[in-house]
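Two complexes, one shared chain (chain A), two partners (chain B, chain C).
== the complex of A and B ==
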């Protein structure tokens, strides 16, 4: 039972890493990055290639940095250029990027499933409540908790965090106060995609690598973001843990309905509260 | 600001083409359709064009939702698949008469879309895109896992019955017959949508799209017209699904997949979602590019991605918008 809950937290943690990136980007740019799952996938493949050379932690670092750079480029070249257009246009462009990235990865790494190794440091299991539990899964939980804590501290107690919260509430008024929202957005989008790269690498050893690995988890993280209320960090956190548990308990106790449960929960919540738990601003 | 949702259409200031002109164009298009088997040289070309017609119907469904509701759907394949699966499963199991199977395959997706529309239509913009994607994918997951329904991932082939509505149904798998049928259906659907856009309810739907609060203030119910547009869009998608399933004699979960929805949306955007005929044109254009790109087929998604990015960035009103602009510029001189 305890193990089941922990497994649910592991998946919920991964979802949180992706969903919070989407929320960060949405806050400033009011667009949803449909390429987020593709960046997750590219991050995982990059990390894999470097891990295969024997540098597991190097792979993690390179992937996070590379995805941060990709995010900054995305912001500067797409989000910033299209900010005066209908937001759906930007979404369509990110959808186009998703198609391009999937094809490129299929070309470079092939379609076959690849197995990401677990770093030697985190191999093995420990005993929790009398059952063995892989250390690596605890590491995944630790990473998501660390990200959640440092992100909320950063947003709450630093000046940049204050600016970001202000810009997420109203980007125009914030820029009138003399804050460079475009530069802020560069940081935020870069951070959001870096988190996608991070979760890609961290998820690598748990899932198997394939060019479409990002799609499934992207849709789950969309559900998280919609349930949590678009643009809400706390909402995303709660919803990610909830979906993680549902995903896991569903798979164990209701296997025939497991994949549909999150969707049903989402529709139910939207009937009850059309803007999600925390309310959305769109 | 808006570039996809049609607000402040310049066309509304000009007198719209009369009903007579509209019907004349439709009759002409139907006549061309009847002559197609003699105009298209080979069976293979006919088969390709027939499949382009299925894409055109699905893209028209997505485009209609954008045009009339201002909502971008990433999950329209749900109703395409639902139509195809209802048809395929009912005919393969022979639970009902084939005619009834067709009717159920038309009504079921329409009713589901109407009910979903009551909930989903309250959600706007980007959230709506995410939501429809998730809903569409839920259907995909169900048919993918539920192996007893139609063999899950493998897909299921089925034989058409000998007779349907008094015709020999097997003829539906003849490219020439299917091409004429699909073309005719497409023309009638486009005509129907053009008439809907001029009707009272269509005008109300457009008013709600442009300013929901004001429409409500004027005393209109804003939920019903929206849900109705959802239902009509799903009906069109279901027709496409039924035609494709009948033509191939095969159904597979790919019909529900988000890439099917996504490609339909891309066709609608490339053609120009501000025009009723735009999505259909986009589907045909993309179809021929794909045919031409044959040897690069493995890069096809990337090619589509690049085309999509270029079109959205450089010609937000799509191919039809571009053609119209060039035409106006040409006639002014």
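== the complex of A and C ==
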């Protein structure tokens, strides 16, 4: 039972890392970034290549930094340039980026599945309630909790955090107050994309690497974002943990319905509170 | 010259020219093979193996001037391993003039197109689909299978189960026609060997985290687990169960689980895993040795099990075309039914009753050979011993 709850937190934590990036980007740019899953995938492949040389932690670092740069470029070249267009244009462009990234990765690394090693420091299992549990999974929980805590502290107690919260509520009014929303957005999209890279590396040893790996997990992240409320950071955290648990307990107690449960919850939430249970901003 | 004669000779010329055209068109009628397969779904790597084998066989045949003079032409569409999409893509291929189909991965895909063969005027040669129904309850005259079906795999695992000391088994299988069928047959084999099935877990498509299922297998008290997963599922499950210590704690065996492809990806996580082997590049027949030699010369690595089985399917199609002296699906089907073929796995026959190719099957374990991990054959079961009972009631052909 305890192990099953932990497993739910692991998967929920992974979903949170992806979903919060989506929420950050949506808050400032009001676009759903379809390329997010592909950025997660590129992050995983970058980390993998460096981990394969024997530098697991170096892979993590390089992947996060590289994806932060990619995020800044994405914001400056796509989101900022297209901000006066209809949002659907930007969404379609992100979809195009997804296809390009998948093709590039297929060309560089090939279509065959790759397995990401577990860092030697985190290999093995420890006994929890008499049952072996992989140390690496505890690390995944630790990473997502650390990200959640530091993100909420940053957003709540720093000036930049205040601006971001303000801009997420209403970007136009915020810029009228003399805040440079474009620069803010550069930071936020960079951060959101860096988190996609981070989750890619962290998820690597759990999932096999393939050019389409992002698609499998992005759908669950979208469900998290919708349930938590678009633009709500705390909502994403709660929703991610909820979906993680539903995945696990669904598989154990209602196996025939395991795949539809998250969707049913999403439909229910959309009927009950169309903005998500914590989504009051949008 | 009088006008009548001119007209006559012109007509005669046209007739002769026309006849020549028809004649040459007949000789050059290409053999058009449609290959709907998974290029981006859960089984995308299997689809890649299928395409490699189809291309290899095609180039080999065309280098010799085609099959009985017919140049081979192939065309492929992505099915994402989804039955509904497979039906549409297969129909598209047939309507574009590729009426001989092969290459579908998931059994559900094959079962989806099988009933349409007659309407489309096409035939389908399965090289990967394992669900018994395809050549059993749902059999049709236009469908043939050259790969082993689940019942043949079950017959292969029985003698192995009988000599194992594990009595409590669990099943982890893909929640599709193949997984359900193979899981059920394995459960029956366990009971026949005096054991008990303590848990059956069917996992949905495109799942990321197998942890809830791994945990249930551990809790069930199973001493062994039978895994019916392929492609991405197989790799995720193997990797995660290794991390949970399951692979080291209990016996792991399966079908399509430890293939040449997954073993190469998994490395040490696959060591010691038992499994059904449907084709191995190490088979000691002169035809297979020649095939492997030509393959290695081209691709540098030996062919995988799926590549071998797909190549075998192409051999069957080619030899049927040569025997029928026609590329028309109906003629090819007629020649294929009940014929004995010279294949890389020896002389094998497609049964008239259900269109299943009878072939030997193997059981083995993943071991290091010359420092390279690969599935190694330990037991061979002859074609007669794995031949499944005929359950097909086909309209006569």
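Methods note: the second predicted complex is superposed on the first by the 279 of 282 C-alpha atoms of A that agree within 3 Å, B and C clash if a C-alpha of one lies under 4 Å from a C-alpha of the other, contacts with A are read in each partner's own complex, and residues count from 1 in each chain.
The rule we apply is simple: a contact is a pair of C-beta atoms (placed from the backbone, for glycine too) under 8 Å apart; a residue touches a chain by one contact, two chains touch by 3 or more.
Remember, it's a predicted structure, so these values are computed and weren't measured experimentally.
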Is this a clash or a fit when chain B and chain C both end up on chain A?
-> clash
Pick one for A:32: touches chain B only (first), chain C only (second), both, or neither.
-> first
Figure out whether A:226 sits in contact with chain B (first) or chain C (second), or with both, or with neither.
-> first
Looking at the overlay, what does A:65 touch: chain B (first), chain C (second), both, or neither?
-> neither
Which of chain B and chain C A:122 touches, first, second, both or neither = neither
Name the contact category of A:265: first (chain B only), second (chain C only), both, or neither.
-> neither
Which partner reaches more residues of chain A, chain B or chain C?
-> B
Touching partner for A:141 - first (chain B), second (chain C), both, neither = neither
After superposing the two complexes, find the one stretch in chain C that runs into chain B, choosing from 1-9, 19-27 or 109-117.
-> 109-117
Footprint overlap on chain A, comparing chain B with chain C = 259
Show which residues of chain C lie in contact with chain A when the two form their complex.
-> 40-41, 44-45, 48, 201-206, 208-209, 211-213, 215-216, 218, 231-232, 235-236, 239-240, 243-245, 261-262, 265-267, 269
Contact set on chain A toward chain C in their complex | 3-4, 7, 10-11, 111-115, 118, 125, 131-134, 136-137, 205-208, 210, 212, 216-217, 220, 247-249, 251-252, 255, 258-259
What residues of chain A sit close enough to touch chain B in their complex?
-> 26, 30-32, 81-82, 84-89, 91-93, 95-100, 102-104, 106-107, 215, 219, 222-223, 225-226, 230, 256, 259-260, 263-264, 266-267, 270-271, 274, 280, 282
Along chain B, where are the residues that touch chain A in the complex?
-> 1-5, 72, 74, 119-120, 122-127, 129-131, 133-135, 137-138, 141-142, 145-146, 258, 262, 265-266, 269, 298-302, 304-306, 308-309, 312-313, 316
